[in-house]
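Both of the next two complexes hold chain A, though its partner changes from chain B to chain C.
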Partner chain A sequence: MQITNQKMNAVVVVSPSGSIDATTAPELGAHIDDLVSHDDVKLVADFASVDYTSSAGLRVLLGAAKQTRAQGGDLRLSSVAPDVMKVLSLSGFTSILKIFDDTDSAVASFA
Partner chain B sequence: MNSRPTVSLVIGSGGVKCAAAIGLWSVLREAGVQVDSVVGCSGGSLYGAAIAQGWDPEKMRSLSESLWTGDVMQGYRENLKASKDGSLRFTERSGLVDDSVLNANLEKIYGDLTFERLDVPLTLVATDLHNGEKVLLREGLVREAIRASIAIPVIFPPLEIDGGLLTDGGASDPLPVDVAIQDAADVIIAMGFTLSYRTRFRSITAVQEQMTSIYTNNILNATYAFHNLAHHAEIFPVIPELDEQVSMFDVDKIPRVIEAGEAAARAQLPHIQRALAG
Partner chain C sequence: MLSADIPALLDTLQDSYFEADPRGIITFANRAFFENLGLPGRESVLGRNFRRFTDGRSIRKLYQKFGELYRTGEPVERFSYFFKPIKGEARPGELSISPILQDGRVIGSRGLIRDISAHVQAEQDLRRAKNAAEAQAAKLRSVNRVAATVGQSLDLSVVLQSICVELTSIFPVRNAGVALITPDRQSMEVVAFHTPFVEERSALGLILPFEGNPSSQEVIRTRKPLVLQDAQNDPRSETLSDISRARGTRAIMIVPILSRGEAIGTVGMPAVDPFYEFSDVEVELAETIAGQIAAAVDNARLHTQTESALTVAEHDLEIGRQIQAGFFPERLPDVPGWEFAAEFTAARQVAGDFYDAFAIPNTDLIGFVVGDVCDKGVGAALFMVLFRSLIRAFSVDLESVERPRESLLRLIRSTNDFIAEYHGRSNMFATLFVGLLEPKSGVLHYVNGGHEPPAVVNAEGALVARLDPTGPAVGLFTGTPYRVQSHELAPGEFIVGFTDGTTDARSAAGEPFREERLLECLTNPWTSVHSMIFELSVELKHHIGSEPQFDDITLFAVRRKTSAASPSVHAICRKAMIGVVPEFRAFVESVAQYSGLSGDQTFALKSSADELCTNIVQYGYPDRDDGLLSLSIVVERDVLARIVITDDGVHFPPEEAAVPDLDAPLEERDAGGLGLHIARSQLDRITYSRTQIGTNELVLELDLT
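Right after this comes the complex of A and B.
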């Protein structure tokens, strides 16, 4: 899995690519842990290049949302593909995470 | 020592839509995915039992035809009318359908097969009508457990097993992923169904049916959300997409339902295979 970061003012846009499953989720989790440990707690997960997320991936997202919110920030999602959105919806994540159509809107929502 | 991840297959409630499990099973067999345990609920129990017995997809297709015969709903209209005019006394043991045909069909299909004789361990889910609790059925006659699990409230009479009056498993746990979690399965393949909503309401029973669909769909989403986070490994949801409404007894739509099940399974297969490869 490739993960890139882009800092936009106080917000870090994290862009993973490919599938987030049991084999790749720990890498994403560690990546977010590292950001939070450096006080980057306003995060946008740009899912434009994510084609799949399993239950292991969802647990990482929930953990990241809890961590960032505990420190006054948040994890928000953007550009989620329809197949991934189905999984998020079925799992109740559309109720507990803020999800935006595009990354600019997600970043702007922190203002 | 078994080094490969253990796989549990869960087939949830969904009436005729549960025939999509035939498509799922055919994809898993073709890919050589070994299933270590099976869980079924309501309509899903019919196909879960067949999978646990190692039936091939063709035999499962004939199951649908043998079960949902034209006379399986016998007595419904007459009893509905009688319940309205007060001539039928309805109790917790009643159903609008005379279940003798359904019982005979189940006997014809599953005979005296017991849980103990199945190739793969099977758990079927029903609901205790008196206290709402989920009941796990793992022993005795498979057909009796199926009969309890598919006892759609008001339509089919509940069935007494071991002192409990059992009704539709979908009332307590429409997609019983938690049973597979309890059994410590590493990989859970969960085929679930949301119930279709009506657009026209012309009777009290239509409104009641709509409310049941709303309740059941919300229970499905809430329990799946919880189970998804509680599991230690991977859950793969296989949710067939149908471009038309399929209600509880639309038997003529079964071929298209099976195709939708197969398509949904094929979409998940690469991810399942990756999890199994470790």
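Right after this comes the complex of A and C.
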């Protein structure tokens, strides 16, 4: 799994790529933990290049949202593919996570 | 009589000596004093105030120092001082003064001036030389920076722009502009421009016509630099004179940009000082930099040409790939009691390998082909298309069911003769295995034209036959003889055709995959050829690793099911560890797609299999790492898809798992039980049982009705 960061003002856009499952989720989790430990708590997870996620990926997103919100930030999602959206809505995550059509609007939502 | 000799002695000094009264009137001066001032004799200085021979900038200091002398009665330490000769520049000196005392009272002063102008001159020369050397070094650094810029970027406008910036720092110019000859060769266009002065307007994009502009014409024609001292009025810059006037340009240097001996443009630089004269060294330096500009332009133009040529070639190849993909069967035949599977991976965008499988119209016969056209790339791809089309075209002849063997023989002969006769000059040929299957009897008629012998494996996983060549490669000579052979497939038996790209597939260490290993993989009691090919592909992928694929890889398999009514059982087995989860998921996806399921159905199966396999490997083996996990799928068309996951881990009925609260706010949300919930919400049934031999069996069912 490849993960890139891009800082846009106070917001960090995290862009993972590929499939997020039990084998790759720990890497994404560690990546986000690292950002939060450096006080980057306004995060956008840009899912444009994520073609699949299992509950292991949801667990990471849930943990990240809890952590960032506790510190006055948030984790927001953008550009979610239909297969990933399906898992999000089956798990009731669409009501607890803020999801945007594109990264720009997700970043702008923090302003 | 020492004192009588003193004036004579003082006249021998090179330094100026004088005595003055308290008002500053000179009462005595030695020879050097008046000579250093350029005066004819002593009388021209005696009785005159010392101040008169002092340069304006030192007067103030002079009063201060003499004041000190009269106040303290002590000598004043040497100080620097400019004296003023009668003609020419003031000269630097060092003056030391002391009091003339009488009865303890200061009645006058005496002073000694050392002319240090020679010394100062030397120092100035040295500083000038040092500055010149530094300037030269700075210019060299600039040239190097320009060279580095040229090498760094292929974006011409960026390169030229930074060169202009460098030019303005090297030369005392108001601006630097690069103009290139336009394609119509009628004018030049300013493509890069820089000025350090904010008030100066940019000339970027300005078109400078050649007509009536002899200066540009001259530079382009002679390929030599030109320095105009009065651009506003010089007839050689007639059309430019308006622009020059508007811009206040007078002195301007124009240097040609030469590419392979031809002028392709100019660099123009007007001096900041309208009357500045560019030195030969500067013109030479400008020419050097113009050479680098030419290199940058050449580089960029070459790059653009190569890029566009490459893009066109890549685009063409991609179209070729798409067209060729259309020559592979979109779906494999659907025949009760039989299953087909194939795998094809091209080494390049277009390939010489191919397989085909098709129902013969008006019969219940199935034809199939595995082929390998000699050579690789576009040529091989064109012939692949030709071979495949000829076989399809000549297969119409197979409609006469009575004599399938004769028809098959005619097909291969016609194909061979057509290629050999009409394409003989290309020296292209193919190894072909062409099969004609009678599904009812299970008899396979075949011609093997020089191809790798397909393997036949029975229900128990034993190799029962190799279908050896029955003639040479196809397309070599007209009239080549071929024979037809037949083999009857028993229930559960399958036949696998492959190309040499499979056995020759190289690992990073250069090791080929080898036929032995291929046969080892094949000789297992496979319950589906799809599973067999999936596993074989995984093995091949592991073997090749990240190496570029050496040759096209083609696998094609036909299996006679154990009973005509039973659906195929696709199965996969792995060591129970987290790393295998993606392979299980990929397997389920491939079977679902192979079985023609919809996107939603495919996703439901693969996502459920992922979640449940993950749970098993994470919780089923708390203190073991030798567990086994197996998964099988059966798809009954339009009825049901069933996945059975078997493991030998701890007993864990899914109903004992946590049930997530999907309505809780984020802070109270827990991720436990989510995986099972995702599977449950997409499937129709999940049942769990503990078998008598102590394994767990999870059955996942999705209705397809």
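Note that in this section the second predicted complex is superposed on the first by the 111 of 111 C-alpha atoms of A that agree within 3 Å, B and C clash if a C-alpha of one lies under 4 Å from a C-alpha of the other, contacts with A are read in each partner's own complex, and residues count from 1 in each chain.
Throughout what follows, a residue touches a chain if its C-beta (ideal position, glycine included) is under 8 Å from a C-beta of that chain, and two chains touch if they have at least 3 such contacts.
Just so you know, these numbers come straight off a predicted model, no measurement behind them.
The superposition on chain A brings chain B into a clash with chain C. Using the contact criterion defined above for the overlaid structures, shared-chain residue A:Ala22 touches chain B and also reaches chain C.
After overlaying the two complexes on the shared chain, residue contacts for A:Gly92 are found with chain B and with chain C alike. In the superposed model, A:Ala48 lies in contact with neither chain B nor chain C.
In the superposed model, more residues of chain A are touched by C than by the other of chain B and chain C. In the superposition on chain A, A:Leu62 makes contact with both chain B and chain C.
Using the contact criterion defined above for the overlaid structures, shared-chain residue A:Ala30 touches neither chain B nor chain C, since it reaches no partner. Stretch 613-621 is the one among 19-27, 181-189, 505-513 or 613-621 where chain C clashes with chain B after the superposition on chain A.
On chain A, the patch touched by chain B and the patch touched by chain C overlap at residues 19, 21-23, 52, 54-56, 58-59, 62, 83, 86-87, 90-92.
Chain A meets chain B in the complex at residues 19, 21-23, 52, 54-56, 58-59, 62, 83, 86-87, 90-93.
Per the touch definition, chain A reaches chain C in the complex via residues 19, 21-23, 52, 54-56, 58-59, 62-63, 65-66, 69, 83, 86-87, 90-92, 96-97.
On the chain B side of its complex with chain A, the touching residues are 192, 221-222, 224-225, 228-229, 231, 233-237, 239, 267, 271, 274-275, 278. By the touch criterion given at the top, residues 578-579, 581-582, 585, 603, 607, 610-611, 614, 617-618, 660, 662-663, 665-667, 669, 671, 674-675, 677-678, 681-682 of chain C touch chain A in their complex.
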